[in-house]
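Two complexes follow with chain A in common, the first pairing it with chain B and the second with chain C.
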Partner chain A sequence: MGYYDLDDILADSAEIPCKFLHDIPGLGYLENNPGGTIHVNTQLKLPLWLARVLAIIDASSASDDVGNADIFNTEQQFTPFLNMLTPETFTNKVINAIKTDPISLDLHSINPYFYALAIKWIELFSDKDLAEIVSDLLLQRSQVINAHANSTTISYNNNSNSTSSTGNNNTTNNNHALFTLTLDEFEKKIYKEANDSYKDIKKWIYQY
Partner chain B sequence: MSLPKKLQDTFSPKELQFMVENEPIKIFPRFTTRQRINKHSDDILDLYSNRWKMITMPDTALNNMVAMQSTTVTLWIALLLKQQNKCNIIAPEWLTCKALDRAIQFEQNNTRRFSPLPWDWLILSEILFKKAPDDFHDPIHELRSRIQDLREIRQLKVAKGIKYMNESHLQLDNLSILEINELRPFISGIMDKLKEIHLAAVGPEIEGDKEENDGEEIFNGTLRNDSSRQSL
Partner chain C sequence: MYGDLANKLIIEAKRTEQLTQKYLDAALNSDNGGIRNDFNGNETIIPMYNDELIYNILKEVNQLKQNTEYLQHIKQEEEETKDQLKDVLSGHSNDKIRKCQYFVNLLCLERNKRCLMAYQRMRSDIIDKMVWNGLIGSNNMYNNGSKRSGYNELSHYEQEYMSQYKNLIDEMNSESELWSSIEIMGNMNPPSDIFIDIRVLKDIGEIQTEYGTFNFVKDSQFYVRQSDVERLIQQGYVQKI
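Coming up: the complex of A and B.
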């Protein structure tokens, strides 16, 4: 979550559909209309880092000095530049897919930074329901990740029986490769760390 | 630090082995180091000339060994003496076929608990199997297969327990250091993420409340602060 966390930056570039609440002159280039005006109720996809700021800042007080203390007093007339709509990642269709079968779900194709994005989204909207769904998803998938990470075989005799066991090894490796393709980037990291740890200990026991 | 992240976060099996080698173990020495103090002896220097001096640990046990009388020394010294054929290592009580069978029985009867083996059972048994295979009363392949069984049963239980993970705490009673170490990257990673998700849903709300209460209702604010401190 640090400033230099690349995954965090990449998750921030996820596209969020937004609805503008004001006419904004000169911003038309965002919808292939250079020099034009973006009108009220235009729907556009903006990256999260931009949409978040525009959805939080009060458009009416934007002309005043920034950091006014009476932001809380003017809460009645609070209107941001735009409203964020639910992105594809969290549409009902995807949520239902998560609920029905969390394990065989191809999370990577939904969003490679699913968890990072989900956390940002939950934080923005204090969405406890989504938090519950996502943590349940992580728990369910973590069991499979652990099983896969633990089931790798290490070859401590590199030369002796490489020819006889290649066929067998290939199928298991293939399974693992296919499995890792469906993992979110965070899950991949965990899988790799867990796998390394299991492998280290297996190696130590064989050597010893 | 320039250490790889893996070594910063957790221990390598070799580091654990190093720690375990500092544990005490009982041995039968085959030679005597205890010296009879001869009051009529002229030179005291002679008395201390062939004594062992340890910088990092007490050396009384080493200098008071009597052949075939059991003494307790540190494991690495025991292994060193064993290598030179100067002692027999006494296998700990839990490392017998009978005791291991009992432990396996316990594991099978209690699906939600682990049998109370020592914290270093996996490492110690591997070390002793390798370095002192002739010091066991039971045949070593039977001991080995029982240790392997125990490990597999316990690993299966851990895998089953993963679905009870949550963002706040985890109970790992009776799991040995190697088993915990093996799980550490996985469990801490997943639990950190669960915590992040949990805090994302709950955290901002609390902060927002505090900001709103600032200056308006001091009484309420202090109450809230107290309760939050208690929960910490």
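Coming up: the complex of A and C.
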């Protein structure tokens, strides 16, 4: 999760639907209208790295004139430049799909950085419900990932021991390939690591 | 939209990282002195430095810088008029607008910076690994313009970085008392046999070893001690069979 982390950078580029709360002239290039004005209640998709900050900084310029900041100003509600709306990744449709069948879900097609984005989203909105759903999702899926990682190792070992009998393993390998396609980037990392450790253990056992 | 180019760069970087990881895994798993000799010339460990995209991103950064300067200029002017007119109300809404414009600009700049730095970091990480794994051979390898070395794919600054990094390791190896007795650049895998069969890929000439003199002519085969020819394997002059 460092500054140079490519995955984190890519997760940050996820597009979030946003609603502007102010008229802002000169920002029309955000909606392909250079030089134009963005009007109140305009909805457009902005990448998370842009939307996040605009949604948490206060638009009322209190810094300049603290002197004449009256009671109204301090009592006024905190108004950011824009509001972030729920992105497609976390719409009810997806959440329901997660609840019904977490295992056969094609997470990669929903968002290749599902977990990274979920963590950011939960952090921003302190969304406990989503946090529970996502951690449960990971728990359920990691068991399947583990099983897959283990069984590929066995077929891998068979292949290397007897190169002649590769025909039968093709179907199982195909299944695994299909399965890994449905994983998001974080799960792929888990899968690879699990697979590598199983391989290492096998290697260590068979060397004697 | 600002930041789109940088995104493209990061997607490319991600692909590179995955491919390199695969390659390095394969190299480390083979017992061939950490080197794959069946590596064909078309593959490269590190893809070409993306001059064009980087240049375009820098152009975008310059544009953003100009925008920022312009905004600052406007703000100053507004403040002057505000003092004169004491028009606090209009000043309020203008401030808000300027603040938003300024922030969008700033965030785009930050984003571009992060993407550029991450790209460079990814590449320098690969270069480090290449140096440590001996994928970059001795100096005359560069002059041969060998495709395998990946040296031609580096930008000028990266080439400089690489040679200095290499010097640093060499220095550490030769000067420090602790390390001088250990060959830190050596292969981490224990050798399975002391003696190995090798095939000569390029004419080298006579080589003196403890076990006599060998005349390494192209396409000839020898049974030699692995530690004697380790360096030659890394440089790609001979191949382990």
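Structural remarks
Definition applied: the second predicted complex is superposed on the first by the 181 of 208 C-alpha atoms of A that agree within 3 Å, B and C clash if a C-alpha of one lies under 4 Å from a C-alpha of the other, contacts with A are read in each partner's own complex, and residues count from 1 in each chain.
Note that a residue touches a chain if its C-beta (ideal position, glycine included) is under 8 Å from a C-beta of that chain, and two chains touch if they have at least 3 such contacts.
No experiment lies behind these values; they were computed from the predicted model shown.
By the touch criterion defined above, A:26 lies against chain C but remains apart from chain B after alignment on the C-alpha atoms of chain A.
Of the two partner chains placed around the shared chain by superposition, chain C is the only one that A:81 touches, whereas chain B remains out of contact. Of the two partner chains, chain C is the only one touched by A:6; chain B is not. Looking at the shared chain after the overlay, A:50 reaches chain C, while chain B stays out of its contact range.
Counted by residues of chain A touched, the larger count belongs to B, out of chain B and chain C.
By the document's definition of touching, neither partner reaches A:106: not chain B, not chain C.
No residue of chain A touches both chain B in one complex and chain C in the other.
Across the complex, chain A is touched by residues 6, 10, 12-14, 17, 126-127, 130, 155, 159, 162-163, 165, 167, 178, 181-186, 189-190, 193-194, 196-198, 200-205, 211-212 of chain B.
Contact residues on chain A toward chain C in their complex (touch as defined above): 3-7, 9-10, 13, 22-27, 29-30, 32, 47, 49-50, 53-54, 57, 59-61, 64-65, 68, 81. The touching residues of chain A, counted against chain B in their complex, run 1, 72, 115, 118-120, 122-123, 126-128, 130-132, 134-135, 138-140, 142-143, 145-147, 149-150, 186, 189-190, 193-194, 196-198, 200-201, 203-205, 208.
Every residue of chain C that touches chain A in the complex is listed here, in rising order: 1-3, 7, 10-11, 13-14, 17, 88, 92, 95-97, 99-101, 103-104, 107-108, 110-111, 114-115, 117-118, 121-122.
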